[in-house]
Amino acid sequence: MTQPRNYGFEEEAGMLKDAARRFFGERLPVDRLHALVASDYDPEGVAPLRWDPALWDEMVALGWTSLAVPEDAGGLAMPWVAVAGLLEEAGRAALPAPLLTTLKSTALLRRLGSSATGALEELAAGAAATMVCLDASGSVGPGSLRASHGRLEGEAFFVQDAGKCSRFLVLAAEGDGAWGFYWVAADAPGTSIHSDAIVDLTRDQARVQFSATPAERIAGDGLEYWQAAEPELWTLLSADMVGAAEWQLQTTVDYAQQRKQFDRPLGFFQAVKHQLVDVMVSTDESKSLLYSAACALDHEPGRCRELALMAKASASETAGFASGRSVQCHGGIGFTWECYVQLYFKRQEHSRRLFGDAATHRAELARLLIDRDAA
Amino acid sequence: MTNPERRDSAEQAEYRAHCRDWLATHHPGEPSVRLPTSALEIMTDEQMDYLRAWQGAAYAAGLVGCDYPEEFGGGGRSDCQRIANEEMLAARTPYFPNIIGLGMAAPTVLHHGSDELKARLLPRLFSGEDIWCQGFSEPGAGSDLASVQTFAERRGDKWVINGHKVWTSLAHFAQWMILLLRTDKGHKYEGLSYFVVPIASALGNGVTVRPLIKMTGETGFNEVLFEDLEVDDSYRLDELGKGWQVAMTTLLFERGAGDLVTPRSGGLKSSSAHTTSARAVMELAQRTARGDGLASEDPLLRDRMVRQAIREEALKEHQRRARVPALIDHPMRLPLQNKLLASELAQDTAALALDVAGPAAGLYLGDEHAPAGGQWPLAYMNSYGITIAAGTSEVQRNILGERVLGLAKSK
Amino acid sequence: MTNPERRDSAEQAEYRAHCRDWLATHHPGEPSVRLPTSALEIMTDEQMDYLRAWQGAAYAAGLVGCDYPEEFGGGGRSDCQRIANEEMLAARTPYFPNIIGLGMAAPTVLHHGSDELKARLLPRLFSGEDIWCQGFSEPGAGSDLASVQTFAERRGDKWVINGHKVWTSLAHFAQWMILLLRTDKGHKYEGLSYFVVPIASALGNGVTVRPLIKMTGETGFNEVLFEDLEVDDSYRLDELGKGWQVAMTTLLFERGAGDLVTPRSGGLKSSSAHTTSARAVMELAQRTARGDGLASEDPLLRDRMVRQAIREEALKEHQRRARVPALIDHPMRLPLQNKLLASELAQDTAALALDVAGPAAGLYLGDEHAPAGGQWPLAYMNSYGITIAAGTSEVQRNILGERVLGLAKSK
Amino acid sequence: MTQPRNYGFEEEAGMLKDAARRFFGERLPVDRLHALVASDYDPEGVAPLRWDPALWDEMVALGWTSLAVPEDAGGLAMPWVAVAGLLEEAGRAALPAPLLTTLKSTALLRRLGSSATGALEELAAGAAATMVCLDASGSVGPGSLRASHGRLEGEAFFVQDAGKCSRFLVLAAEGDGAWGFYWVAADAPGTSIHSDAIVDLTRDQARVQFSATPAERIAGDGLEYWQAAEPELWTLLSADMVGAAEWQLQTTVDYAQQRKQFDRPLGFFQAVKHQLVDVMVSTDESKSLLYSAACALDHEPGRCRELALMAKASASETAGFASGRSVQCHGGIGFTWECYVQLYFKRQEHSRRLFGDAATHRAELARLLIDRDAA
């Protein structure tokens, strides 16, 4: 299979992306976002959940949780490039809602085969889900989580947007080293959610403990399925970072045009101008790789792992670089709480270390690109 | 890899088939002479004759200039040159020698020249009978191109040209030059005009071409001196005093951001050819001992090699994304990055190769034990030619910051 | 480590012995309260009281201001403050709270103030009875400091001040402020004058101090509003219209490039204290699991940690080489690098620590499982305060390029 | 032992450094250097020896080859900081003469103990020497070189300034894995020198073959002695790179002050100004570490390995960075043969990969700094 010249990004995908940008522009402008997630903050405390469930319901009503669900499970089965387009806009809005976690869960469930149909139907019907798959060190694995006779026991870590989701897709050990995937209601008996105090204001994160929690087994061979789904997970996360980086670029450019020092706009000075150009260059690198990876998920499975690793490694670098420059080029005001750049700075710093950082992904790319054909 | 055939129009599909058939039987085959990395480094008549013959044959078969109007020697097609380029690349043909003519002179003449000039110049340019060079930079006019001092004084309907141009690649082979000069010393930008000048015929008679030696020790570009060279006013492109606007057209195409696809042949890997690519560095690393193992096992070198591979892939993808309106915010945002990205990528890739080679990186072209025959230090040094020429990387960043991001001009 | 005792003069040796004896018996001991990383982040009265008591004791013992003239409350020694600082560091004492007073206000008052002001202000500054803050930046005057708009209007031998200052650390504890303002709206630089202003006594009566919240969520600096604050002309430093020159003195000392060593105490590592150093990152890496091993075994992280250690060592060595004339080309070349190097080093070290910490890097101060109690993300965010405040890194590079390398001014 | 506050860089050292700078300024100005090493060049050939033996004789007459020789061997026994000062000036002049190789050989001989006295006396008397110690891969080791019954057999690689030296200090295998050091006259029977074609115009480099070549055995335990001498070798090489980098900085600054574009000197533009500042910052980092390392050789042996590794790793980075910026900031003229920056560019690119590059030395530093005190 080969990639279409336009990434298979057809009119429908364009309409979805435009609609999302309009939606966030109208319903979640950045001043509203700041009021929503950055009020009455205690740096030494654990932030309460700060999001707008009513706004999330609107997104669900727009069908966004069913975008990637197959038709036989009641979904729209849109191509991954369309999903990437939507998540780029969600990242541009620094959306505090479980859209990314739900679409990532969808991707993983799709890899799990027909036994996942029921779970996918729940997502198509509007449920929000997140993956419970990291151990205490942040590595993928069940850690202390055990499953037996349809019940879960143990603790998982770094669960993204746990407080906003009604379903957990849980990776648990099944004995003799095998891993399985389980589908659990967030309010199932024996489930307790302990919120982490994190820097990112647009997400929540938690440790989740299970004690004799009833769970539906969806599949075994957890590790194989997980690895099969990694290209989707990396690509979708990249989309969020690319969108956020574009916001950081445009917002800092606007500031550099308006702010005057020495009777000239900041952007006159090459020290600022060239930093912003380098942010643009880095963002474009990540964006081109993003759509190439998403397109490979749709059309070129043989290269999707390689391209998704490139997209994620590039997006993680861009997220860190764009964040630092956005604060630096804003000067003193950029260092204040009321300045909006801090919201994106923190989201990007969080995103870029999820499911492996850039160096980790380049190391895996090296195995693909160098060792693969080592003579 | 993307399959270019998808979404060909009927005309493109038919044309692609034609290219493919012709190439199947008319590939010029391995050259008898060693070819340099690019046309800009052509040294010998043997190299030039072989490449010129190939360009002529490709033009005769309709693979060169096919998107140009027929009355000016073109093929009268639309969006087909891309097809021909793709097929020539796939067929691993040699590159075209008239690179400045095809890439810069042709579109500039088409956009700004008189119909009579187009009809006279373009066919011989496409065929390679006339090789072209570019007379822009001067000792005092580098990044600040508009400060050129080469002056043309009016005498009736003739102009008498005096001045000094530098970094003129291929001038020692060229019949024609595109020449930016000054016709009015009173105004910096409005005082510039733009001519096409026959230099081969004037050698020793108003025109002197001297080779310049690069830091690599190679020649390849020249300085060109004009002493009372007389040219006809009909050789002027566009109006008097419009030289700057014409030059902007040339530079736009030089940066790969023009509205016409440049006829491009290539892909031929002769045994002696060298490419500056992440893949080539990885292969070098797999052949290079490091400690008890191989350089390809060094985690830091692996990380850097992969970084280069990522940048290469992205640059390739830019060419595709630039054509998908839904995925670009500004039409020039990606095209104007081409020159900056390609030149800095080449520089960093060559530098990395030297680190991979280790102590042997210092061995040069004349050393039998040099890795890749000494091509890597050569490529690294030549990369500064690319980050400096045709607008330094600093100038490129200004252009991107001002034209794309809309920041205030730095000058 | 270098042994500071070598080459002490007789006076220095005697003084060092005095410091050592006193410190042996007068170390204030572990604070009952958690101390922030630096005096600029002092939050509570408990912290301030503890630190102020310490500074007062050290001053009484002659360890603070010992290089200042005796008539102004100093010790009348020469090149001895360095000795006291070394001994306090070795004794791991807490830092002094009056950091702006000691580092900026004192030398500025000494160089530009009247003898009467010096005698009145410096003793209470040294003892910590008076805490000082700095009123330079304004919403419209950041890098372009000379564009301050805070205005003082003359009324007899009084001045009436109106304006708005920002990023004034410690203003909520301060009795006095060094204040750069405008006395003439007609001239940018010549229109500036410089005052010392008693703000604590004027709170709610011409002066309002409001806390600003940093991106970290912490307070620590403030904005200060002046509404018809009346101050006596005797509080002016140097002549009317010489404010810019006086401010340059302050900035010189702020950048660690002044001709007087700032009294500096420190080294106390309370259980809660956090240092941003390569060593601290290495220790974090040795405690952090990565894959099947430890982050301290990751070759790329090792390379980056060592890069930071090298930069730290070099910055430390700069302080020594700056005093060896045979090994420096320009007297300000190393001192003017201090601020740029220290701030970017801290930023890169904190960023590296976050990469070492991995997913746990996102855990913040309120999380019981956060590595180093969440101090690393805090340090990374605060590092932008350092690369922005007191002349951004961009401004620092301009200063170095213009004052040291002699390149043309960029403005 | 501890380091003196002034690095022990006393008046004598200062006078030597000043004298050297004056000497090179008068006798080897850069235009003369260019004429000496860059005339009639054939990029595809092997350059003949290009240097000024008469000038070298003057340096010998000034006693520079005996600087680091102990007094009991007839030398001046100057401290290493003084030697570093001299080599900084030699690097600033891009000196095409065997001063660096001779002083490095001196350092190694000093580590070899009393049996090296004879060789050291020859150096004090003016002989020029170089080390023969690298195998075909550029690693330290005898490679194919074998010694038995006082005769050498085999080949060594990357011998610096081989064509300019009259003595070789050779590392050879002695069977059963042991290495020994041997002292050989460059014109000894059975010695053949094959010049490499190298990029650097200010050095020569060769493969040296020995066939039944008579040699004086100086010491066994070659590897231990070599490692003991590495701090000196790294430090002296760093001094050369620091001096060359300072020349690159000053020369490029001068050009940026004179060259005008857009009616302003290049240095007005922050894109150029800040690059030059960064070159200065990098050069100063290397220079401070250089004298700290040299001082440790004199006064603080316990830290000399760590500090020499830091100095060399830093200087290698500075050499590469300053070289690239010197050409880039000179623009088109910097890319030409006649422009002097190419001479230093090539010398620095050569120096920075001698005896290990920056990454190699940082990896060894990591072993010292991280593993040393791993809990």
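The first chain written gets the first letter, and so on, giving A, B, C and D; residue counts start at 1 in each chain.
Criterion: a contact is a pair of C-beta atoms (placed from the backbone, for glycine too) under 8 Å apart; a residue touches a chain by one contact, two chains touch by 3 or more.
These figures come from a predicted structure and were not determined experimentally.
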Q | Maximum centroid distance from chain D, chain identifier (CA atoms) | A | A
Q: Identify the chain pair with more contacting C-beta pairs: B-D or B-C.
A: B-D
Q) Measuring from the mean C-alpha position of chain A to the mean C-alpha position of chain C, what distance in angstrom results? A) 40
Q | Approximate Å spacing (C-alpha centroids) for the pair chain B, chain C | A | 54
Q: Check each residue of chain A and list the ones that touch at least two other chains.
A: 264, 269-272, 274, 359
Q: Among the residues of chain C, pick out those that touch two or more other chains and give their numbers.
A: 299-300, 303, 394, 397-398, 410
(Q) Quick check: in the complex, which residue numbers of chain B touch chain D? (A) 137, 139, 142-144, 147, 166-167, 212-218, 289-291, 298, 300-301, 347, 351, 354-355, 358-367, 369-370, 374, 377-378, 380-381, 384-385, 387-389, 392-394, 397-398, 410-411
**Q.** Complex interface listing, chain D residues touching chain C
**A.** 2-7, 9, 13-14, 17, 85, 246, 253, 256-257, 264-265, 267-270, 272-274, 276-278, 280-281, 284-289, 291-292, 307, 310, 313-314, 359, 362-363, 365-366, 369-371, 374-375
Q. Which positions of chain C touch chain D when the two form their complex?
A. 1-4, 6-7, 278, 282, 285-286, 296, 299, 302-303, 305-307, 309-311, 313-314, 317-318, 320-321, 323-324, 326-327, 329, 333-334, 337, 340-341, 394, 397-398, 400-402, 404-410
Q. Considering the complex alone, what residue numbers of chain C touch chain B?
A. 299-300, 303
(Q) Applying the document's contact rule, which stretches of chain A touch chain D when the two form their complex? (A) 269-271, 274
